[in-house]
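As structure tokens, here come the structures.
Consider the two complexes below, in which chain A is the common component and chain B and chain C are the respective partners.
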Partner chain A sequence: MTRSTRTSALVMLTPAVSLVGVFIFLPMLLTIWLSFQAWSTQTGFGAAQFVGLQNYADLLSPLSVGRDFRQASWNTAVYTLLSVVVILPLSVLLGLMVHQNRVAGGHVLRTILFSTYMVPMIAVALVWSKLYSPNEGPLNQILGWFGVGRQMWLSSPDTALVSVVILNVWQQVGYFTVLVIAGLTQIPVALYEAARIDGANPVQSFFGVTLPLLRRTLLFSAVIAVINAVQVFEPVALITQGGPANSTNVLTYYIRRVGIERAQGGLGSAMAVMLMLALIVVIVALFAFARQGEHEK
Partner chain B sequence: MKTGRAISFASTLVGAVFLSGTALAAPVAISYLTHWSPETVAKLEAAAKDFSAANPDVTITVRAVPFGDLLTTIRSQGSSADGPTISSIYDLWLPELVRDKLVEPAPDANAKEVSSAWPEGVASAASVKGKPYGYPNEIDVYALNYNKKLFAEAGIAAPPATWAEFAADAEKITKKDGNRVTRQGFGMINSWAAGVIHPFSSLLVSNGGTLIANGKPTLDTKAAAETFKLYEDFIKKGYTDPTMGTADANTTGPFLDNFVSGNTGMIIMANWWESALKGGMGDKFANIGTAPIPVGPSGDKARSISYSWLTVVNASATAEQRQAAWKFLSWLNGPTSGKGGASAMSDILLSMGILPSRSSDVAAHGKDLNREFLTGYVKTLADAKAFPVVLGGQEFSEALQQVLEGIQYGRLTAEAAQKNAQADATSILERAAK
Partner chain C sequence: MTRVGKGFVFRASNAGPLDALLVFAIVAAAVVSAFPLVWMILSSFKTPAESMQVPPVWIPATPTFDAYGEVASVINAGRSFWNSAVIATTTTLGILVTSLMAGYAFAKYRFKGRDLLFAAVIATMFLPPIVTLIPLYRLVGTMGLNASLAGVIVPNLANAFGIFLMRQFIAGVPDDLIDAARVDGASELRIVFAVVAPAVAPAIAALTLFAFVYHWNTYLWPLTVLQGNTDNYPIVLSLSRLLSYNRGAMNTGLVMAGAAMAVLPPLTMFVLLQRFFVDSIVSSGVKG
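Let's look at the complex of A and B:
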């Protein structure tokens, strides 16, 4: 690379690198720095006092802040796992159904599926909190027709988190279905014809052609689904407030409670750093898993 | 020459007076943040309109957020001149808002008014280190609310006066269909910190205990152990079904629904719920009785806890905004803004069943305070202990909420809950005091 080429590359890269540095790396570094300080979010950074690893020690302590943090971490992990495990297969199933050209009204179905994603969360929260009502809620009435007993939904710590997952799946599945449909359209029809000539039945075609060629779409969907799930906040803030008995307290909601309501910026930053590290590990693991699959091929 | 100078001086003087007059009369826009319902906000807006009619340079906008978002809104917007100029706050939040310099101390004239026109205890709850930071308005106290119709059906003549009677009445009222509780004797709220800990604290003080004494938590006492045990017993015996006690972001939800629809016999709740009960019950509101908190085995008389709300002014607002805000608050809480010597604020509060705290308001509303529902609260107020207002108070409340919910859902024994609560409180208060 000549000197002039290097200079022009530097000039062209500088604006983008500066923006990334200012708006992404600087806040990240600031959060990491704050996680080692005792700092009220209502005061300037100059008022922060270095406390070493105390904030992290508090998060691992048996006291309320540590117990609540670990509960919120567990709830977030369960919520994320359940959401991804349900959303991805369901979106593939719905994508395959809607993608069939022979199905009449496929476009209408696609629009209906996607429409749930466009409904504002506040409206979803209002409607679903009533649907879930143990006494007058229509969900229990419908289940009653099939002899299923009364469910407590959001009112019991045993079912509240799963109830929020169901709500999330209902709202997000349309978006992921559209992603799957986009992936399906990229698969050449000739491959299916070849498989059919080779004697493959529809199930074999699905596992031999569709699923391998959807790998990249599904990886992208999984990453987005994980990020969306880890960042869950609105349904918790609007419907459950983290209850009952902390059963729906998730990390983003707890960070908001500690960092903003209680103004404990250092402790909130330590939680944010832990969340960020966990997210990095999960995303890297997902990519490694996908890459391993490609190598095995 | 002299005449010219005189004209020049006179014109300068007139100009200066004109300009300063213009500066004083410059339009000022202030905002008022509250968590009240739309109906109550409309009453506050009407009062603000009356103030603006007499003070045409001041425009006041009222903004409401759910209770669950109130503190967050103050914290996230309160350090800017564009944030709410006036905020309605729960007294527990005051020490930390003062520490973080989000609220302005009352100017001398307003501070003197607060010190002289309010009872000493109420004025001190609106003060930090003896300095008033706002106008106290509502005072809330907890009492036992019971459904007289359910009591009559169960053959109970009078509300319980002791914990033994409390448990016996709860047992008689409770109905089950197999293992499922269809009607609970006593309702415990969950998913809302103040809603969870205030009834517990009321039972604790009525059992001779306290939450905090001399800045140290006192949840390791015998009185506290008996109160934790009472909760555990009610859950184990099925007098309370926690799934019937969930609150939502507006602090209502299934807990309120179950009481107003006759699925709950008794609750411990504050007077401000009167409007919610009336709204939910209509004519059946007449079935609701109010009684003092039952006395525990270690208590000497019925006691309760109280807390207050106040309105504070944003320390980051402009000087003009702060001046207009204090003027408005003085008028809103003063004896000329309402009817018959009462303040406009007290008229608004009483429309919700909330007790006003200014001495002249209590005198002016003597007749209103005698209505059946409120009488029980007014009587209880004399023996009420103020909920401790300390640094770290909100975190302390949320930690206690979690252990109490742990008992409610059978995840903690009374002994474990008590141990956790004391350890949490000690750590939280020590850290907050640093």
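Let's look at the complex of A and C:
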């Protein structure tokens, strides 16, 4: 490596790396450090006082902040699981519908599906809050045509979280469908030909060829879906405020509430660290799961 | 990807029941997907009385633009749009510049620790913003940027996704092209912006769309850093004020009109650039 390349590399990397360093890495380290401090978000970092594991102890204690944190963690886990479990199969189904060439309309469908991904989440939340309206909303009316009774959607603790999952799936599924289409285009047509010659029907070639070759795509999709799911904020902050009865209190909402609105920065940071650890565990598990599947083949 | 000629659907001779089912499924998926946005547009033209009617009115009897006018007066829509435009445009430009430069270095230079640094940068893609929100809020406050547009913009001028996308595409630019420019005496910065950038134009288009739409739509960070300074609110934040302006079914038309206005810029951007968008996902999203 010559001196001039070293200088050039420095020039090229400094803007991006220093920005990522100062505004992502530094705050991440500060989050970990603050999680061991008693610190008000309204004061400078210098005012922080070391309290050891007290914040973590509070989160596991019977205090109301602990109970709410555990409820928010549970809600986030349920929300994430439901989102991933619905989005992945649906995106494969829709991807096949777009990618096929038996009938026209695939490209139009792709454009419509993907366009919902461009809509600001705040607009999604506003529109769906009106769609869900038990009395003058159209969803209950449409369900009524099929003999389904009146639902309370966002107004009942039993259905509120699922209602948020539905609007999230509606907004995001187009993105994951495009990921699946990208995966499908990389499967050689010859493999389908071979399967057909071996006498495989379309269902058999789906499970024998398509699905195994989509594994990497689906792993990537699952990771992105998990990371997107824990970020759910707008519908909760704007429409439900975590309710009814704490049923839609999710971590992004609750961490911000404690750490910013109530200015309990240490406590909020401890929650953020727990979330970060949980995410690492989930993502590592997903990769391990995908790798194990590969070995079995 | 295979393109199917228009009119194929209607060639009944070789269309079996499976094809009919497929057409039905495609139409159904398209209708379900489009419905909320169609409902949004329709509702924005309703009178307040129509919005409250049970069972709901689908098509307004006498479409009215009143709600749009009211939005403008309630939230100072002009100012909000301007703020959104400033935030989304400046952030996007910043991301383009930093991503091109860093992507070029990661793709075309060999230096010690390169792969480790790249991995560290890419890892931040998997970090949800809430994890860093609390200290970032304080940090930006310490810099004196709280409640200002700069506070919204500056922390987002570089991101892992952009660097990753650019590295993927620039790796495919032939070294000969770069060497030829060096022989001609071009500086490295000149090479990045005058030689490499045009060669990866589709990726730049895709990143422009991704970044613009993301930063037009993003809510959590502006809400946190602007601290209720409504003069600097982008349109997505101002929308939330519509909901509290007049609670209940009364404000449905108003909320829908506001949502329709906020949706328009990112959706227009998407329609203009969607070709590059999909291509970039195909070539970078999965192979990486």
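The criterion applied here is as follows: the second predicted complex is superposed on the first by the 272 of 297 C-alpha atoms of A that agree within 3 Å, B and C clash if a C-alpha of one lies under 4 Å from a C-alpha of the other, contacts with A are read in each partner's own complex, and residues count from 1 in each chain.
Throughout what follows, contacts are C-beta pairs under 8 Å (C-beta built on N, C-alpha and C of every residue); 3 or more make two chains touch, one makes a residue touch a chain.
Please read all numbers here as calculations on a predicted model, not as lab measurements.
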{"item": "Superposed model, chain A: greater residue contact from chain B or chain C", "value": "C"}
{"item": "Contacts of A:Ser133 with chain B and chain C, given as first, second, both or neither", "value": "both"}
{"item": "Touched partner set for A:Gly106, first chain B, second chain C, both or neither", "value": "second"}
{"item": "Which of chain B and chain C A:Thr41 touches, first, second, both or neither", "value": "both"}
{"item": "Which superposed partner A:Ala190 touches (first chain B, second chain C, both, neither)", "value": "neither"}
{"item": "Partner chain(s) touched by A:Gly174 [first = chain B, second = chain C, both, neither]", "value": "second"}
{"item": "Which of chain B and chain C A:Ser155 touches, first, second, both or neither", "value": "first"}
{"item": "First, second, both or neither for A:Val203, with chain B first and chain C second", "value": "neither"}
{"item": "Touching partner for A:Arg256 - first (chain B), second (chain C), both, neither", "value": "both"}
{"item": "Residues of chain A contacting chain B in one complex and chain C in the other", "value": "41, 129, 133, 135, 237-238, 256, 260"}
{"item": "Contact footprint of chain C on chain A as seen in their complex", "value": "1, 5-6, 8-9, 11-13, 15-17, 19-20, 22-28, 30-31, 34, 41, 44-45, 94, 97, 99-116, 118-124, 126-131, 133, 135-138, 141, 170, 174, 178-179, 181-183, 185-186, 216-217, 220, 223, 227, 230-231, 233-234, 237-238, 251-252, 255-256, 259-260, 265, 268-269, 272-273, 275-276, 279, 283"}
{"item": "Touching residues on chain B, where the partner in the complex is chain A", "value": "68, 71-72, 75-76, 79, 96, 99-102, 180, 190-192, 242-244, 246-249, 254, 257, 263, 394-395, 398-399, 402, 405-406, 408-409, 411, 420, 423-424, 427-428, 434"}
{"item": "Partner chain A, residues of chain C touching it in the complex", "value": "1-9, 15, 18-19, 22-23, 25-27, 29-30, 32-34, 36-37, 39-40, 43, 51-56, 58, 97-99, 101-102, 104-105, 109-112, 117, 120-121, 124, 126-139, 142, 154-160, 163, 188-189, 192, 213, 216-217, 219-220, 223-224, 236-237, 239-240, 242-243, 249, 252, 255-256, 258-259, 262-263, 266-267, 269-271, 274, 277-278, 281-282, 285-286"}
{"item": "Contact set on chain A toward chain B in their complex", "value": "38, 40-43, 62-65, 67-68, 129, 133-135, 150, 152, 154-157, 237-246, 256-257, 260-263"}
